[in-house]
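One chain, chain A, appears in both complexes that follow, with chain B as partner in the first and chain C in the second.
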Partner chain A sequence: MFSPNSHPWSADETLGRHLEKRGVSRREFLEFCGGLCAMLGLGSSFVPRMAHALQSMKRPSVIWLQLQECTGCVESVIRTSEPTIGNLVLDLISLDYQHTLMAAAGHQAEAALQSSMKENAGKYLLVVTGSVPLAENGIYLTIGGRTAKTILEEAAAGAAGVVAVGACAHWGSVQAARPNPTGAVGVGDIVKDKPVVNIAGCPPISDVVTATIVHYLTMGRMPATDAEGRPTFAYGARIHDQCSRRANFDAGQFVTSFDDEAARNGWCLYRVGCKGPSTFSPCPIFQWNSGTSWPIGAGHPCIGCTERQFWDTMTPFYDRLPDVAGFGVERTADLIGAALAAGATAGVAAHAAATAIHQARRRPLPVVDAPVRSDPPAPPAAKE
Partner chain B sequence: MAATKVVVDPITRIEGHLRIEAQAENGRISNAWASSTQFRGIEIIMQGRDPRDAWAFTQRICGVCTVVHAVASCRAVEDALGIEIPANANLIRNLVHGMQTIQDHVIHFYHLHALDWVDVVSALSADPAGTARIARSISPWPNNSETYFAEVQSRVKRFVSGGQLGIFANGYWGHPAYKLPPEVNLLAVAHYLEALDWQRDVIRLHTIFGGKNPHPNFLVGGMACAINIERAATINAERLEDVHGMIRRAQRFVEEVYWPDLVAIAGFYKEWAAIGGGVSNHLAVGEYPEADVRDSGRLYFPRGIILGNDLTQVHPYDHMKVKEYITSSWYEYAGGDGVGLHPYEGETKPRYTGPPAPWEYLQGLDKYTWMKAPRYDGRPMQVGPLSRMLVAYASGHADVQALVTEVLGKLGVGPEALFSTLGRTAARGMETLLLARRMNVWYDQLVARIRGGDTATFNRTKWDPSTWPAQADGYGYLDAPRGALGHWVQIRDGTISRYQCVVPSTWNCSPRDAEGQMGPYEAALVDNHPLVRPEQPLEILRTIHSFDPCMACGVHVLDATGAPIVEVTVQ
Partner chain C sequence: MSSATAPVEHLPRTGNYRWVQLWGIPLRVMHWAAAISIVVLAVTGLYIGKPYFMTSGEASSHFLMGWMRLLHFIAAGILVMTAIVRIYWLFAGNRYERWTALIPWHPRDIRNFFRQARAYLLVRPEEAPRYLGHNPLQQLSYTGLYALALLQAITGFALYGQYDSTSFFFRLLNWIGPLLGGMPNVRFVHHVLTWAFIIYIPIHVYMSIRADVLDRNSTISSIVSGGRMVRADEAFEDD
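This part shows the complex of A and B:
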């Protein structure tokens, strides 16, 4: 149940002073920082630095643009468990513009956006859900009579950092699936002059969104990312390598038809189309909705929704990824890779397998202990 | 006095992108236009795909009503291929869709609609003891103490005094249309915050059966979540008990918080029972199959049509009478702007004719929206909780009749009060209450079946495309939180050749048709509708929000013209 807090964080006090008033002890606070560091993949040596950064922080302004989207990413963030959305909005950030939740509409809403951009120029965090349609001069999405592209460019100009939440903001997602009728692109295709962190997924797990925001606020920079701009603390490993059904894969225990004996034993879904071997995502570790379950845990194959172009590259969803079953994908990939390197002629199927797997493996390895410099804040890892 | 031009864009606290334009004269609205300003083209994207994948694509039409397109899509494909799903799968889908509706309606009331009726700033001057007294008089909910409300008030006070108003900035606080006493405002603000936590818990039902929310997973032919009470990685007793707990907590919150709050707040706004009625035809396709989905006589909420607000007669529904018009929409038909087309022969070619952005006004233009205009037998139709409750009431549904009678009695109004802005908001609450109770029945049935040894969740006989006919057409209906939904699919040689959806918000947000008939949003805004301060359009928000708009759902496109599909190059 919601526990009311009689000491909300006011604009003029630091978080340290605020927590003190709320009766949070130094020890409890350091424990919280320790947990956060662990989640973000930072070593324990960063705890004091995080504590220092957090303590001297003021309620930051966040502007959230919703563009060409289904609002699923907003719904996902509303499900976030720690901090809860109530605490996030009332205590942790100043959410100055967010269509789904804000009281004002029309001119008053747009006035709130303009005044926040002006007052917090260069300091606010810009969160974007949804893609930007470029076809036909952008008329496939307008807000207040202005195109999504115009609105995004204006908001990005004064932002300290940009977080693209969800597959649509990342690369366009479902509306960018072939033939992409509206010319939808991701935020990173428009905003080129500053780093864009991509929280991949359709939708992403809410805790990854909030953890990224907290990382930015505490570290003074975005988390380390892979070539897709995805934070490595969340997207550094394949589903297949973290899957609770991996042992069944290695043992050759496969579901061959939904609801068969193997499915009723909770075995591996690879043969009914699981895209876990080609998908980098924290689903098996973070799980969904307060750790309740996750797609494979509920018996459905992974559809690969954290990967660019998954609507075209991962479909048909129930077709298995090309592979020689029984030895594990890495081994297959290594064998085929070696064969190709030796100049041997590979068959079409083997080539397809190599391509799919190479694609999955070409991302950099996870950065377990991200380097943090005291001054000046380093820019986020550059995109490829 | 000349009419004042009013523009509200963006309409916030909805799903998606909606623009309302109006003309106001002497405190009333004299004309109105509803424009959808987003287009995504998902139905073009469906062409050539595997029909078993369609649920996942169409699910992404909307992440708020995140299960409805997926289930309607599965039903359409199952209809086309002649697949009957196991009884367990039907019960699980009912539980998933039922919880979706309950959660969606509660979120709508507190987080999307309440700020139209509740003045947050006024809550600051409330006497918490008075709020506690009121709360205890209407509900046994445990968080009804003076201390509790005092803490909520103090939290909001400090938030406001800090100067960073966040989502509450620039609200219409102090507007004369706000009528609640400060104590009731405080009650609603407290429950606004409680509901945020509640929804996060109960929606986990989707995670258990579908792996995540938003966008849980579904499966043509049933559900992918295998049942085995002897295993840890399947639906077992532990998972079922978790589900049971969520159903109980959902029911309790609805009975002890949402419903009493709704009735109490409605009591202060009875004049809204004579405002914003609009279109008097209602369509319910019916929902919650208690047997095979094709048996339209065995739905918990019945199917039917009400014409001219006449509750003495329920007309039968025939999906072949649905046609879509584009007279006022940015599309073109080969047969011209005056014709209507059934989804099976529908064609859509986007053709923008509006002004280049940025623009100031769309009113007065012949075409002004991305929304098409669906009509039933030529008539505009309202869809949604009110339409469902009216059809059920007129059909003699005992639970609905009893509840409607009780509510009308409590508020001291007659049945005509239902045809209004307040009626739509009240009907949403009634439906939530009935569903929250019905969930127990479906849960008990599921458990009884498992206890009896039936654990089947999937029918695999038509899974393999080699078993499919060369040509198959299917219709999938579903009465979603926001109203009647239809998916039409045509499968040719194993892939989708045509796909179309006619969606609740397409019905309700439809523009003028070839006959000049307004859609439900527009008609409601000119039906005895006040607008005291055109520069603070609070009353417009009340009526538009009473429909619970879902714009991403409403705009879609089918390309039946055979336009070439361009291959993307994947890096």
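This part shows the complex of A and C:
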């Protein structure tokens, strides 16, 4: 599709010209634009606009900070079964500073970061993966002797836009799970003076990152976001409502254990703890690894990784409801509820028996005489 | 053995009776609509919480969970309507139905709260204060049920709103998830409160039957007919 090593994207060259030199046909380029427009929920009338914007784009400067993270998000973003234009764009624009992909190291790399921030002040796009540890003055993560908080604040100050990629940059992910020993927080907790777009997920789908960056390059602004700062084009709908197993849910067909007949039939994973009903993500539509598959498609319940605090709130991953603390893992809310209901029934039965015994000891059950007398006795004085 | 201290039911079995109007038609309709919808909500809710039976064959020929959810949502809508009627009737009803009857605020009623609790706990019905409407314990218990229903409605509609992040209920209630620590916790609270309703049913039914049997003053029929026949010579705390 394109030659990976023909020539570098020089600063005065447009993207259209550059792609042409690398062997990308106009048809392929328009296909890419059409796909992205569909992903962003834009009509086909936007395709020429996007194509024009991308074609005439000069090489944008992107600084990619990797903080407290596992590099899984970078793996997700660069992993495709075949190189696509989107992948190429990401590769190209993230060249300035990216720990995993850049060639430079040590002082050279830090110098590249500083000079890029200085040259493109106010214009570069800041992409962040990883959380920011704040405990003990941030000593849990230092790069070149400086804490993650200092590095992020400095880089965000001159950024035109901030994109937080992955659950770590979103809210802290596993290192922010209780008890959060390093005091990890997300990018949005540090950068308050400009909007932060959160590409949620552990890891997120690379196409969402591409689409968000292309939206920024085409429109000159970030896409619309929800209350969590997640782009609504991707995170506007629940997994449950887009799921290929939804028909089985509605029909009442559920997997009860991972080796049963229902699991082999590909029925709904609701009973084995699927968090799809609480999770907003485009996984069923975009899927992973160039649309190969996705967790529920492969028979694993959703763990809700695009939601804040999912390590704490979505666990246990293989049960529908949280455990009841203090009763052990086998004691579910239903067992306790049923026990209390049985207890209440037994209690009222015992009370009824006690009342009956009490009444029987006091007197025989009274009988109302009929007919009513026409001269009633004087009413007894009211109590009190 | 306690005939000397028992001023009330100890009475002659004869005499004049009078009709006391207690519950208006809106309140009675609301009671039975709420009762039916609570039973439907509990049964379908427990199925939705843990689908305990399943269909087989092609998914396209069944809609079990779909019907369960539809029934659940319809019953929830009916319960909300009964709540609206009840709130209106808190201001439009008589003194046994008004908002002033929600909690025992009168010193006499506060005193009777303890007398009533003692009578229940020690199984001494003859020592209980006599009320035409709700006794202080009943007032608190029904007010507690209203609070329970409110929590259940908030968590329920927060869960319902999840189907569409632009829906009215999503926008109205999307603060509840972060407040309780995530939607699974909202689901958990909703589930546990269901059991509170289920536990309430046998207690409520027992107390009603017990009062009807012991006091012989048509407590149960009052929620159908709207009032009670009581002896003309019997004195009540809230007469």
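Throughout what follows, the second predicted complex is superposed on the first by the 278 of 384 C-alpha atoms of A that agree within 3 Å, B and C clash if a C-alpha of one lies under 4 Å from a C-alpha of the other, contacts with A are read in each partner's own complex, and residues count from 1 in each chain.
Just so it is clear, a contact is a pair of C-beta atoms (placed from the backbone, for glycine too) under 8 Å apart; a residue touches a chain by one contact, two chains touch by 3 or more.
Every value quoted in this text rests on a predicted model; they were computed, and no experiment measured them.
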> Given the touch rule stated above, what does A:278 touch, chain B (first), chain C (second), both, or neither?
Replying inline: second
>> One more residue to check, A:250. First (chain B), second (chain C), both or neither?
In response: second
> Does the superposition put A:242 against chain B (first), chain C (second), both, or neither?
Replying inline: neither
>> Quick one: is A:313 in contact with chain B, with chain C, with both, or with neither? Answer first, second, both or neither.
In response: both
> Same chain A residues contacting chain B and chain C, which ones?
Replying inline: 308-309, 312-313
> For chain A, which residues are in contact with chain B within the complex?
Replying inline: 1-2, 4-12, 59, 61, 68-76, 78-81, 84-86, 89-90, 93-96, 98-112, 133, 136-147, 150, 173-175, 177-182, 184, 202-203, 205, 244-245, 257-259, 263-266, 283, 288-290, 292-301, 303, 308-309, 311-313, 315-318
> Contact residues on chain A for chain C in the complex?
Replying inline: 226-227, 232, 236-238, 240-241, 247-254, 262, 267, 270-271, 275, 277-278, 280, 304, 307-310, 312-314, 320-322, 333-334, 336-338, 340-341, 344-345, 347-348, 351-352, 354-355, 358-359, 361-363, 366-369, 372-373, 376-384
>> For a test of understanding, state which residues of chain B touch chain A in their complex under the given definition.
In response: 7-17, 19, 37-42, 44-45, 49-50, 52-53, 56-57, 60-64, 66, 111-112, 115, 120, 143, 148, 151-152, 154-156, 158-159, 161-172, 190, 193-194, 196-197, 199-201, 203-204, 206-217, 219, 221-222, 224-228, 231-234, 242, 350, 352, 354, 356-360, 370, 455-458, 460, 463, 535-537, 541, 552, 557, 559, 564-568, 570-571
> Taking the complex as given, what residues does chain C use to touch chain A?
Replying inline: 1-3, 7, 9, 11-17, 46, 49-51, 53-56, 59-66, 68, 108, 120, 123-126, 129-130, 162-166, 174, 178, 181-185, 187-188, 191-192, 194-195, 198-199, 202-203, 206-207, 210, 214, 216, 232-235
